[in-house]
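In the part that follows, the structures are each spelled out as C-alpha cells.
Look at the two complexes coming up: chain A is in both, with chain B in one and chain C in the other.
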Partner chain A sequence: MTIHNLYIFNRNGILLYYCEWNRLKQSGITKEEEAKLMYGMLFSIKSFVTKISPLDTNKGFLCYKTSKYALHYFETPTGLKFVLNTDTGAQNIRDFLQQIYIQVYVEYIVKNPVIDLQEPITSDLFKQKLDAFVKQSPSFTSSKVTSY
Partner chain B sequence: MVADDVLLELIHSELVAYAYNKEEEKDKKEVDFSSLEYAGFLSGYRIIERLTKDWPRFKDELETLKFICTDFWSSVYKKQIDNLRTNHQGVYVLQDNAFRFLSRISSGTQYLEHAPRYVAFTCGLLRGALANLGIVSLVIAEIQPMPAVKFHIEVKRS
Partner chain C sequence: MIYGVYIVSKSGGLIFNLDHNVPKIENEQTFSYPLDLKLIYENKSVKVSFGQRDGIMVGHVLTALNSIPVTGKQLDDGRDALQIIENKDNYPLRLKFGRPKMTTNEKIFLASMFYPLFAIASQLSPEPKSSGIEVLEADTFKLHCFQTLTGVKFMVVAEPTQTGIEALLKKIYELYADFALKNPFYDLEMPIRCELFDTHLQALLEQMEKSGISNV
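Showing the complex of A and B:
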C-alpha cells in the first residue's frame, strides 16, 4: 500500500498545506491551480452527495475510488478538510486522517502561538512531525520516497 | 487530552500576545517584558504558598531549589527539570530540554525571534516562588535550540 499525497484546506477553501510522498504523475499545472481544482471538485461532490442521497446523511462524502487510486476525505466540524490519496487497497484511512488532525495538526499548529491559523503552514516542526507520522503508518510502504 | 492543560497553554500565549501588543502601541523600539515577568512573579508567589502547605521547612537553599525542580516544575509544566547545576555560590542553572511553552513552536531555530516572549513569564514565576521561600534572586533564561531552555538563577545575598 502506498500514500500518494495530502492536501489540507481551511473552511474557506484556502490550501493550508500540501505534501507528497509517492506521486507518480504530475498534473502539469501549478500547485495553486491544482489546489483550486481539487477544492472545487470536493465542494461539488459534497453538495451533490447531500442532494442526491435518498436518506439523511450524517457523515456525507467519505471517499471515492478509481481503478488506480483512492481519495479519502475527512472534514472536521470547524471546516478543516484533510484529503489523502492512496492506492486502492489502503485500509482505515479515515481513522488515520483523524489521527493526523488530532496528533499533528492540533498539537503543532493549533497549540503553536506564533502561527496564524488562516495562513498556509510554513512550520518546520509540523512538516517534520507529519512526515514522521505518515512514514510510521502501516499504509506507508514504498521504496521511492520524495517529500517536499 | 485534558482540557485544563491546554487552557494554561492557550491563556499563556494570549497573555504574551497581549503584553506584546501593548508594548508595540507605546511605540517602543526595545521590547521589555517587565509586565509579563511581573505577572509571573505574582503567580509564582501565590502558587508556592499552596504547593508547600504540606511540606516541612527546607533545610537549605539547595533543598529549596530541588523542590522547585521536581514538585513545583511538575505541577506547572507536567515534567521535572532535566538538569540542575550549581557553583555552590548562589548560582543555579536549571535546564529543561523540552520546555512546555516552546515544545509546540519549533525544534530548532525557526521562529527563534519569538522565543524570548514565551520564557519571560516563567522567569517571573521562578523568581516569585523563590521570593516567597525567602530567597531573593535574579532569573534569566537562555534559549538553547528550541525547545530547550536554561534558567540561570542568581541568588542575591544581603
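Showing the complex of A and C:
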C-alpha cells in the first residue's frame, strides 16, 4: 500500500497545495503545467461522467484506476477538490480524503484568520499536520518510507 | 446490469455502440402558477436549472407539454413552449420531464473525449510505465476499458456492483476478431456494421446477465 501524492484545487482550478510522498516518476513538465493538466483532466472527466451516466448522478466521479495507480477524487459542495494518488489496492480513500478536509484543512486553514482561502497554502503548521495525518493512515504504513 | 458497450478505434473514433438496458427516467406532473422550477433554454432544449422535486432533477429536459411532444423549445404544433409556460392563463399545465438521451453525435463526441483522458492519466502517473484508465468509477456506474495491443479500446458501462467485466471485455474482443475483422466488407477504423457481430454480442450480454460470465 502506497500513497503517492496529493493535490488540492480551489473551485477556480488554482492549485492550492501539492505534496508528494512516494513518487517514482515525474511527469517531465513544471509543477504549474502539471497542475493545469491535472485540473483540465478532472474537469473533462466530470463532464464526461455526467453525460455518459445512465442515471442521475449525485457525487459523480469517484476514482479511476490504471495498471499502476489509482486516482481518488473528493469534491466539497464549495468546489474545493482533493485528489490523491495511491496504489490500486488502497481501500476507503474517499473517507480518508474527507477526513483530511475536516480534520486538517478546516482546522488549520479555514480556522486560521490570516490565511486567504483563494491563495496557495504556505502554512507550515498545515504542512506538518497533513504530513502526520497521511503518515499515520493505514494506507501509508506499509509503504517504502525510505524513498521519501 | 450492463448499460452499454462502446468500441473506439485506434485514432479515437467511435466505431461501435450498443445501448443495453438503459433505464428510462421520466416524470409527468401537473403544475399550477407560478412554476416552482427554474427553467432555462440551453443547448437546444428546455432544462431544469434549479428546484428539484418529485424525481424531477436539475438537468432534466422538457419532453412534453399537456401531452404534446416538445422538440427543442417548440411544441409539435409549432407553438413556443417557454411562452406557454410564462403565461399565467395557460395553467394548470401538465409538464413531462426526462433525463436527456444521448444522441449519436454526442456519443461520438464523448468517445473522442475519452481518448485524451486515457493518455493524460498515463502521463500524470506517479509510477513509471503506467497504462491509461482501466476502470473509471462514479456513483451510478463503472466504466471498464480494455485496450488491445493494436490500440482498439473496448469499453463497457455497467452497474458499480457488476462483476466479471474483464472476462466480458476479452469475449467482446474475441467476437470483434471473429465477426468484424474477418468480414471482407469491413474496413478498419470504419464503423462496424456486421449483423453477426451484433447478434452474437447481444446474445453474450444476455447470457452474462442471466448466468454470469463463467458460463459463457
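The rule is simple: the second predicted complex is superposed on the first by the 141 of 148 C-alpha atoms of A that agree within 3 Å, B and C clash if a C-alpha of one lies under 4 Å from a C-alpha of the other, contacts with A are read in each partner's own complex, and residues count from 1 in each chain.
One rule holds for everything that comes next: a contact is a pair of C-beta atoms (placed from the backbone, for glycine too) under 8 Å apart; a residue touches a chain by one contact, two chains touch by 3 or more.
Bear in mind the structure is a predicted one, so any value in this text is a computation, not a measurement.
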{"item": "First, second, both or neither for A:Glu20, with chain B first and chain C second", "value": "second"}
{"item": "Chain B versus chain C as contact partner of A:Ser123, first or second or both or neither", "value": "first"}
{"item": "Which partner reaches more residues of chain A (counting touched residues only), chain B or chain C", "value": "C"}
{"item": "Partner chain in contact with A:Ile45 - chain B first, chain C second, else both or neither", "value": "second"}
{"item": "Intersection of chain A interface sets (partners chain B, chain C)", "value": "none"}
{"item": "List of chain A residues in touch with chain C within their complex", "value": "4-5, 20, 22-25, 27, 34, 37-38, 40-41, 44-45, 48-69, 71, 85"}
{"item": "Of all residues in chain A, those that touch chain B in their complex", "value": "107-108, 111-114, 123-125, 128"}
{"item": "List of chain B residues in touch with chain A within their complex", "value": "6, 9-10, 13, 16-17, 104-108, 110-111, 114, 118"}
{"item": "In the complex with chain A, residue positions of chain C that touch it", "value": "3-4, 22-23, 25, 57, 59, 99, 102, 106, 110, 113-114, 116-117, 120-141, 143, 157"}
